[in-house]
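What follows is a single structure, and I will ask about it in a moment.
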Amino acid sequence: MKTFRKELWFNVPSRRGFINITSQIQNCISESKVQEGLVLVNAMHITASVFINDDESGLHHDYDIWLEKIAPHEPVSGYRHNVGEDNADAHMKRQIMGREVVVAITQGELDFGTWEQIFYGEFDGKRKKRVLVKIIGE
Amino acid sequence: MKTFRKELWFNVPSRRGFINITSQIQNCISESKVQEGLVLVNAMHITASVFINDDESGLHHDYDIWLEKIAPHEPVSGYRHNVGEDNADAHMKRQIMGREVVVAITQGELDFGTWEQIFYGEFDGKRKKRVLVKIIGE
Amino acid sequence: MKTFRKELWFNVPSRRGFINITSQIQNCISESKVQEGLVLVNAMHITASVFINDDESGLHHDYDIWLEKIAPHEPVSGYRHNVGEDNADAHMKRQIMGREVVVAITQGELDFGTWEQIFYGEFDGKRKKRVLVKIIGE
């Protein structure tokens, strides 16, 4: 059995944003030499997500509006968590979008449907944050 | 280490619907000969889900009403994604219900609690779509 | 390849509650002797969650209020599932918070960011319920 581990760093300049990290994950798989197995990709921060969906800017705009409706940032004082913090909403948004994805590796490639792409979802940005990539297989 | 891969195809005749796929996943495990390991089951489409919950028609009705309230299909024009598309709501519903499940395999069986069942959740149906089953173990 | 399996039991005395189970999961990893691999932690019940977020009581209060707003317990008669049951809301809350987490094991430890902690989330308590821990690796 082979295993591989790498941290990826991201710095989203605004509070919220989505970054397509698919090619970076494929590069990790190539580096790992794993042909058949699983790759786990997870946010190492609890106000960020890793998720799989469409790379379409209209949809990303829709997600932002939708998440803000389900878990609004304002009023900041509406959350008990926000004592010396202002990111309670980000902890909610991250639960909707998810912490992690697990993806099959087949013949050394991400085993994906036509439109599947992996995103880092930032809900409390303007600072450096990490994603963990862990691969097991052979 | 053994690995196994199979695609399952589904065609839900309505826009939305839930299909119990538990026995098909168990069949994959049996075919794989894996006794101890993990099975990943994921939608290969970004407007569908794979999730684990109860096989109870009242609950499925409740889910449909609830998801439609959180992410309504209409008005279609309320989403920027819907330019030549009408399925933005399906991309939201799928995030709530999830893309994938990872289930333990123990002694060659799905290692499940009493009421756990695996479902394919369709939010933009009336066409053939795929689920990926990937098994690793020994 | 090594594999390991253990069930953890919890009895939350109220309808809803969150329990930090991180140290119990780390103990399972130590017991398994796995140095590099993956650990799956999932609720074996369909009205409970396992999720990763912050161990902060204000946030947990916020989650409870937020989930109750998205999927209210009352009126119980508002859900078709609630025929001889009163827990339909718990099935919804569990989908938001998730059934399972998959965590990397590196050098025999949970490979976590600074604030990541694993929680059992109960949405229909006052009885004994189980969490499954399955580890694969070497």
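For reference, chains read A, B and C in written order, and residue numbers begin at 1 within each chain.
Definition applied: a contact is a pair of C-beta atoms (placed from the backbone, for glycine too) under 8 Å apart; a residue touches a chain by one contact, two chains touch by 3 or more.
Just so it is clear, the model here is predicted, and its values are computed rather than measured.
Colleague: Taking all residue numbers at the chain A/chain B interface, are over half used by both copies (same) or under half (different)?
Modeller: different
Colleague: Using CA atoms for the superposition, what rotation angle relates chain A to chain C, in steps of 5 degrees?
Modeller: 120
Colleague: In whole angstrom, how far does the Cα centroid of chain A sit from the Cα centroid of chain B?
Modeller: That gives a centre separation of 20 Å.
Colleague: Give me the residue numbers in chain C that touch at least two other chains, ranges are fine.
Modeller: Where chain C meets two or more other chains at a single residue, that happens at 1, 38, 70, 96, 98, 102, 136.
Colleague: Name, in rising order, each residue of chain B that touches chain A in their complex.
Modeller: 1, 3, 5, 38, 40, 42-46, 70-71, 79-83, 88, 91-92, 94-96, 98-100, 102, 130, 132, 134, 136
Colleague: For the complex, give me every residue of chain C touching chain A.
Modeller: Listed in rising order, the residues are 1, 36-38, 51-54, 56, 58-59, 61-63, 66, 70, 96-98, 101-104, 106, 111-116, 136-138.
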